[in-house]
Structure formats: C-alpha cells, structure tokens
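Chain naming follows the written order as A, B, C and D, and within any one chain the residues start at number 1.
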Amino acid sequence: MYKNIRTDLAIENREIYNQAKNAEDEIPGVKVETEQKNNIKITRVIIETKEGEEALNKPVGRYITLDIPNIYEMTAEDEYLISENISKELKLLFDKKPESVLVVGLGNENITADSLGPKVIDNIDVTRHILEYAPEEIEPNSIAVSAIAPGVMGMTGIESSEIIKGIVDKIKPDALIAIDALAARRVERINKTVQISNSGIHPGSGVGNRRKGLTQQTVGIPVIAIGIPTVVETAVLVNDSLELFIDKLQKENKSNQTLNELRQMENYEKIRDSLISTEYNLIVTPKEIDDLIENMKDMVARGINLAF
Amino acid sequence: MYKNIRTDLAIENREIYNQAKNAEDEIPGVKVETEQKNNIKITRVIIETKEGEEALNKPVGRYITLDIPNIYEMTAEDEYLISENISKELKLLFDKKPESVLVVGLGNENITADSLGPKVIDNIDVTRHILEYAPEEIEPNSIAVSAIAPGVMGMTGIESSEIIKGIVDKIKPDALIAIDALAARRVERINKTVQISNSGIHPGSGVGNRRKGLTQQTVGIPVIAIGIPTVVETAVLVNDSLELFIDKLQKENKSNQTLNELRQMENYEKIRDSLISTEYNLIVTPKEIDDLIENMKDMVARGINLAF
Amino acid sequence: MYKNIRTDLAIENREIYNQAKNAEDEIPGVKVETEQKNNIKITRVIIETKEGEEALNKPVGRYITLDIPNIYEMTAEDEYLISENISKELKLLFDKKPESVLVVGLGNENITADSLGPKVIDNIDVTRHILEYAPEEIEPNSIAVSAIAPGVMGMTGIESSEIIKGIVDKIKPDALIAIDALAARRVERINKTVQISNSGIHPGSGVGNRRKGLTQQTVGIPVIAIGIPTVVETAVLVNDSLELFIDKLQKENKSNQTLNELRQMENYEKIRDSLISTEYNLIVTPKEIDDLIENMKDMVARGINLAF
Amino acid sequence: MYKNIRTDLAIENREIYNQAKNAEDEIPGVKVETEQKNNIKITRVIIETKEGEEALNKPVGRYITLDIPNIYEMTAEDEYLISENISKELKLLFDKKPESVLVVGLGNENITADSLGPKVIDNIDVTRHILEYAPEEIEPNSIAVSAIAPGVMGMTGIESSEIIKGIVDKIKPDALIAIDALAARRVERINKTVQISNSGIHPGSGVGNRRKGLTQQTVGIPVIAIGIPTVVETAVLVNDSLELFIDKLQKENKSNQTLNELRQMENYEKIRDSLISTEYNLIVTPKEIDDLIENMKDMVARGINLAF
C-alpha cells in the first residue's frame, strides 16, 4: 500500500518493499551490501535487472547510502570521515577516471530546504579555467572541474536540464555530478543520510520537484547524483501517524475490522490526501534547517573536492 | 481535550474553547468584536476578567487578529491596506500617544521561520537619534522611535528580556513594541494572520520558545506584541490528522467505541507524543517560508512606521 | 593623455575626447542628443562610423546614458520614472519587438560592487516557462522572458560567455539583455548613471573584467547591455588628484615647466602606476555600496519588466 | 604634517611620528617590543605617560599589532597560528583572569567593510546561559562568555555605547571585548593587520565613525579592543599619491620650491580636501572585501574562543 509514497532514497524503497512483503528476504535482481565504518553505516543497493527496477521502483543502477550521526553529535573528525567516504564512493562509481567533470547544484538558493545544491557549488574548487589559461599553476594530470548552479525554472523560465545540456554541449565534460536536496520517506532520515548513485536525477524528485531529469540518456554523459534528504512531505507525516496509530490499537486489541482493513487498502492515498489542506505547500523540516544545510554543504563539497 | 495544545493566537484559544463546549456561546469575561474591511477580517478578542483568562488560557488584555489573504493572491493595495490596519489597531492599543517607543525584534535571524522580528527591525524608520542630534531635520512633535534585535539566548548567552530591560533602563522609552514569529494551532493560519495585543510576550511563546516574557510587569512600561504565525508543531499536525480521521470514520459509521472514547480523553496528548520521534526539532512550515517572511516583514514594518 | 584610462561609459569617452581637444566641437562620425526629463538627464551618443569608433574608443552603436539624482534624495516617483525611462530607451534599441529575450546578469554575487547583474536577475518576471507549460495563464502576445546569472569564471571554471552561448544555442532567444556593474572614469558617476547600449559587452569591461565579450558577432543575436558604474579604479583617483593638483598650481602661478610638461606627456600612465601598490585589488566605492546596489537593482529590474 | 591624518592603528602613529622627526629614535614615554613568530610579526607599542600620549596621539595603554600574510597566501596552519596569537595576546592584557566577559561586535552588518564586528559575534562560543541554566553540561571553572552586536545608530536610533552600557549594568560582566573594523593609514595594512589594545574604543574611530567611545571610564570595566583595518579613506590615498609624487620629482631634481615647501606645510589637509568631492562617502577597499571579512572573522572569533 506504500507504492505511491514518494521517496528519493533507494534504501527506503527497499524498506518499503520488505515491509510490504513482511520479509527481510532477498529482492530478485537486487544486491545489497552493508559496511560499518566508525559511526557511518554504508549501504550499497545495486539494482541489476528490470525485475529489480520494478521491485524497488527505481532504475537500474548503484545507490550508495551513508547513514551518518546527528550533526550536533559529530566531531570534526566525523565530518572529515564522511567527506572521505563520499569521495571514495564517488570515485568507485566511475568506470574510468574522467578527465573533466561538471558539478551541477540543483535547487533554489532562496528556499532554505532546497538550497543544498547551489550552496555546494559555492565551495567546489574549480580548475577548468586554470588548466586552460594558466596550466603551469596546477599539478599535471589534474582533472578539469567546472561547476554551475542553474537556478530553478520559476526564476529562470528555463528547465534546469536545458541549461545543463546547453553547457554540456559547449564545454563537453566527461561526466556530470548533480547535487540535490531530497525528500525522504521517514523523518528520521532528514539530514542523516547521503545518497550517491549513478542513475542520475529523475523527474519529480528533489525538494523542488524537477520537471525533467538529468540522466546519461538525456545528456549523453554519465550522471552521478549526490542527494541529502532535507524534508518530508506533510502527507507522509500524516500517513505515518495513522499507520502507527492503527498499529498501537491493534497491539492493545482496541482496533476493529474497519481499521484492520484500512491498513491493507489500495486507496490509502486518497484518504490521506483528504485529511489536511492548506493554501501553501507545507513541508516538515527541522527548525535548524538553515544551520544543518551549512554543515552538510561543507561535507559534500569537500567530498567532491577530495575526489578530484 | 485541546487544553494542552500550544497556540500563541487568542483567536485559536477561543475556537478551542467553543469547540470543546460545542457552542458559539459567549464566553464569560470575554468580549468579541468582528469587522470586515475589504478582504481583511478583523477580530478583537477582549479578555476582561480572571474568568475570561481561565477560559481562554491567556492573560487579561486586548487581542486583535487580522485574517489576511494568501500572499500570492494579494495586490499591492491589499498589502498597503494591511499595513494601514496594523497601524490603526496599534495606535488604538495606546491609552495616550507615547512620546518614545522602542521596537524590539525577537527571534533568530539565522532560522528562517524565526526571523520575522529581526527582519522587521531592519525596516523600521528610527528617529530617536535625529531628535537628539539634528532635531531641525525632523518634523516637530515626532515620536522618538528606536529599534533593536537582541538576538536569541543560544547566540548571545543572555536572555533577550535581560537585554531589553538593560536598554529600557538606559533610554527610558514610554512603550515597547515587540515583534515575534508565532506558532499557530492550525496550518491554515500560517502567514495568514497578524495578531496585535497589549498583553506582551509570554514565556514559551514564539517559534523560538522565549524563556522569559516581556510584559508591563517585567519591564515597567506597556508592551504591545505583534506576531505572525510561521509554523505549526508537527505534533499539532499529527493530532489534527487523527481528529479528522476519527471524524471521517464516525460520519461513515465506521468508528468504534475505542475511537469515540479517544476523542473525549484527557490523556490525548500522551498518545500524540508517542507517535513520531526524531532527533531534530521538526516543524511544519510552507516551502516558500523565506519568501513569505520577506513580504510579511515589509507589511509589519510599514504598519509600525505609519503609526509613528 | 587620457587615452589609456579605462571607462565603460561612452559619455566619459566623449568628455575625454573633448577635453583632449580642448573643444566642445562635434566629433566626426558621432551624433549626440540630450534630453531633460524632470531630474533625469538623458544623453544619447550615437557612434556611426569607423572614424567615430576611433575618436571615442568604442564600437559603432547607440549609447544612452541616464544621469540620475543621488539615491538618498530620490522620491519613489523619481525611482519609478527612472524605471520607465530605462524601459523606453530599451525598447527603442530594438529594430523590431523580439518574441523572446534572455536576460543575463553578469558578475559575482559575492562581491558587492560586482553583484548588480545577479541581483537584477532575481527580480526579473520570467514568462518563458509559463508560455510553454501554461499559456492560458498569461496574456496573449506576451514575450517569452528568461533570465540567468551565469556566475564568474573564478567560481564556475567556465567563461560566462561560453555558458551564455550554450544556453542561447539551446533555447534560441531573439535577443540578449546583459546587466553588468561598470567601472567609471569619474567618481561623481558612481551609482548616478545608467548606460544602455546596443553594442554588447566587451572584454575587459565591468568591475569583474570579463575576459570575453558578448556581442552580436559572438552570440549571433542582438545584445543590449545595461550597466551602472559602481566603482572607479584607485589609479583613476590618483591620476585625477595629480591632474587637479597641477591645475591648482597652474592657476596660482606656482607650477613649473616639469609639471606643465607632465600634464601633456604620453607616459603619464607609467608614472601613475608606479605610485601606489598593494597586494589586493583596491577599488574606490561608496561606503554605502551594499545599500545602493539594492536600490539600483530594483530600478533596473523594473525597467526591464516594464519593457516586456 | 601628518598630524591630522586619521588612523586607528598605534603602529601607524608611531611611523608617522618617526617619519616627521626623520628618526627611528626612541619616543619619550613609549616602549616598543617586536617579535617574529613564523610569518607573523608582533609589535607591542606601550604608551606609558602623557608625553607618550601626545607623541602618538593615542591614550596610555598597550597596543599589540599582528602583521599577518596576504590572506591568499596563508595556509590553514597560518590561520590557526594567528588565532592562537590573538588568544595569547588577549589573555596578556588582563591583569587577572576575568570570570565573565561580554564580547561586543561593533559596526553595520549590512555594509561589508563595516561588518567585521557583527560577523565575529555569530561565531563566538557563548557559555553564560549554560553556566546559568545547565552548569552540569560545561567544564567547571569556565568563564561566562556572552556576545552582542548592538547595531549602528543609523539603524537603531541608539548610540551603540548606550546599548552596551545598559546591558553591562544588567549582566555585570568583568570585562568587555569590543571588535571593530578600522580605517588604516596605509593601503598595505588593509586586512593584513590585527590590533589588540587595552585602551578601548574611541570616538571617531572605526569604519563606521562611532560617535561615543567605549572605555573603562565610560563603562566601568576594562575594555579590550580588537580591530582589523578594512578600508583607507580616499583622502589618504590622494594624500599619499601627492607625497610620493613630490618625492619622485625631488629625487629626479625636477621639483621646485613650491613643491618642496608644500611638503612641509601645515595646511596640507586643506589642500587635500579640496581635491576630489562626491556625493557619497567614498572608501578605498579591496575588491575581494566580502571574502576577506569572512576569513578574518573566523580567525578573530577562534582567537577569542581559544582564550576562554
């Protein structure tokens, strides 16, 4: 019944799948590896076949998730370790080392919860122009790194994917790295997860609901996506509360047939949507989101800088 | 059963009272006036006695609420009209025209949802220093307006009320006007309500949960508070969804005794709190909150500037 | 002797020419019109031939200058009138009304004196996406307006002209409007002049010293440039002070042959450059530049919005 | 003839004195120590008597100057070393360790060149409220650190010294540390010098020209001032260029009596002031000032945090 609930995290699709099947079984066409490094938990979900695609509702590809500590409990070493692991996983996603990459920061700088991408861009060490105009000032074998925050369609009038394609056609990088703020399925994941994948950015994902995607098919070069969940939808919060609530009643033997049936129904989504309405697009986000984004952007930018 | 739900809006306490009593009756010790001006609805809740205080869970005083349109449907004239009415209601709250006012912007400039106060301060036309150093450059009979954003305790190490009292003791204004971002009880109120009251700021109110209040008792001069709800608590959203959900089941004759009883229970709050937990302080806020605060601060600042 | 002094303003090249020739004579190949509208002085310098190009050190084209009042003495009406005149002059520079324009904000948002372009972009009313996805929500015959701030090479690793060309190739607008902060020749012009021209942006102009230009030749569509001087170079200030100083001595008969000759010399520039050195790029700018840019960007953005 | 030239740096007053006397001699009533630590040069100017006060045009007190490298050539270790030395010199200025300090960030956050103070405040680790409300969460013997940015009179209507005094009367700290952006006498000093002194803040100093000072006399507790020059006045730049220019002519035997006399005159200042005028307050500042302030504020804030 969770099929329609939006999440940008493959790890959550896997949870949803397992929960629906009431099983921790293997998923056909999907491989999962986990690794613990200090207090970072790394989960690699590899979707290998069409069957896996359907099971997890995500395209074939590698999805690496870093579960990280609460930012207020992190030491400077923790932060550095996270950057190092972002760097390491990032490099593993390339079949061969690219000679040039374009880093793209998606999202709206003026909406805090959507500003991760543009803020990371401000901290990327770009080298492409130095290689072109002053190659003697840079180490030999350096990769040409360029970076752009294309803005959002509401502010530019142009799909960000069109802007990116125009620039890619012009400067012809070997690969794209796209940073985006994500919507999570579970509130516990907000600002506590980094997802890196080689399947690109897909329509409707991200806090800002990008209309068109950025994938190898659409831009012609590999697209690595790095995302951090910064919000959950209010509908998700409401949904979860109903779920937990019925659970609780069932455990206490206070449920009834209606409720029991409801938990199995397909039209759950409709019920959910009818519940709360407002004239603004409400999101659920930490009060300290401005602060959290500042920290997260540093870790992600350093991770990318370390990789190249 | 709503007794413990937090709201900073007297108009919502009144709704809660009426809902609990299942009545639109008069509340003892409370007078209510309403007025419609174009598309602004003005409600004046006047708590006159101890009895009224208890009924509405707010101290004696006048609480004026302006219900305003969705900011994306407002014209420039609507915005101006709101400022004018803020100005007008503000002046009505003074027994006699003050000769000097200190405008105080409470809240944390770095947390968007809590930044209304400091942002209003940036737009206040201050005159106190002109009256002191260049009185010839200003109209005679001008009021001495000064303005300060004291920051929040987490950043200054000092209660904002202590900072304010220190400054009041030094410059001795006739009155204080305190601006604060509020928490609402209903999501529909976010950024659609301006509350002006003469009962000051009370502990635990505001997005930032001020620890100590600012009232005539504590600072020795009248304190007018202007607030706009910018968030609701997630617990409130969850609570409401359960409420609506039981309503829906009752209407469809799908409820049961457990649910019916639950709706009357006193320990609702405990149930609610058990539902969702996370390591961050989650709030529910419009995605466009950055934008909305920008507009709101302009209207409030202009309202204050027009008043003096 | 002023030949090598950098200015982005045609009106100043004209002054330099006239001063060098000690004449207010006509300049061959150049037409000049002036008009006074309330307290805005409009000067239209039209460079018509190669001869004019050489005389004024600027390519053939129309250069319109609006001399405006000190921003602290402007009324809201003055500001609106300036926007209206920007709009009017802008439209006159098009041979025929374009059906689509791309507005480009050049410069570095993080360097205040160079941030005019990106800040104007934030305030442009874009329509291109509405025409594409929801044409029913917009007036028929609307122009498709899009807008982008490409950043600076030091931050993106890419020439801003390359980014623009990539986007132009993709979305094929009929014309480009480029906003840039300029360097003036005279301190009196800072924030008191708006220049609009149809000759595009040229290498080495602007506060940020764009390396490559944006002109009809390079992008294939007409390029209208709107610029406001926000700085003068320190060398210019030093140069002027020497100039004024020799003048003063000459008037008081306290000069000598050395000084008199110096004023005529060709190698003035070398002398000038030897005078003051430092490790940073010093500029001369108003202390209130942050404030001034905020006002200017509003006037320019509104001017563009009114035009389309 | 330099007597009237404004500088906030004691080290520059000393240079001016020595230059005027054409001597590197000792100055009566003044002791000077220098020390080189890696690439930081520390100069301690100690004004001991009235005679010293008059010679250097600064009140009795200790003035420590750290000359630091160009920020673009600094390593992370250099930055840390500067913070450590700020911390060390700061502690040496206290006769005995204070139990509580209030850190004050003077200046206008919205004017980049004047924003050092408020930006440092954002990065101070405040502890006073933890000691008061949760002393178990902090090490025993911790100093109570609080911090405030009082804003500028043009925005608050109140002298920042009055705000500070009000707060000092209320919370009674043992000492004040005041951060301010300074005006330097020589362009080479901009962003390359940190001055720490125990003589407080004096009227007319700072980029923002504070009207009233903050000294032990006015607030009743010791006041340590930390300042970094971020601008020079344009008049200073012009003045220097004339000076250098006459020097150059003298060396080449191209000067004349007028010029030679001019260099000795008392009314130099009048000449200087007549040279260039404008309607805005022009300053000379690095183009990259926004960036430089970000770095500087980190070093100063860390220096203060290390000290307590």
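Everything below uses one rule, namely that contacts are C-beta pairs under 8 Å (C-beta built on N, C-alpha and C of every residue); 3 or more make two chains touch, one makes a residue touch a chain.
Please read these numbers as outputs of a predicted model, since none were measured by experiment.
Seen from the C-alpha centroid of subunit A, the farthest chain centroid is that of D. The distance from the centre of subunit B to the centre of subunit D, each centre being the mean of the chain's C-alpha atoms, comes to 42 Å. Centres computed as Cα averages put subunit B at a distance of 46 Å from subunit C. In subunit B, the residues that reach two or more other chains under the touch definition are 110.
According to the touch criterion at the top of this document, the contacting chain pairs are A-B, A-C, B-D, C-D.
If you check the complex, the residues on subunit C that touch subunit A are 110, 121-122, 126-130, 144-151, 153-159, 162-163, 165-171. By the touch criterion stated above, subunit A contacts subunit B in their complex at residues 70, 110-114, 187-188, 190-192, 207, 231, 234, 237-238, 240-242, 244-245, 248-249, 254-256, 258, 271, 274-276, 278-292.
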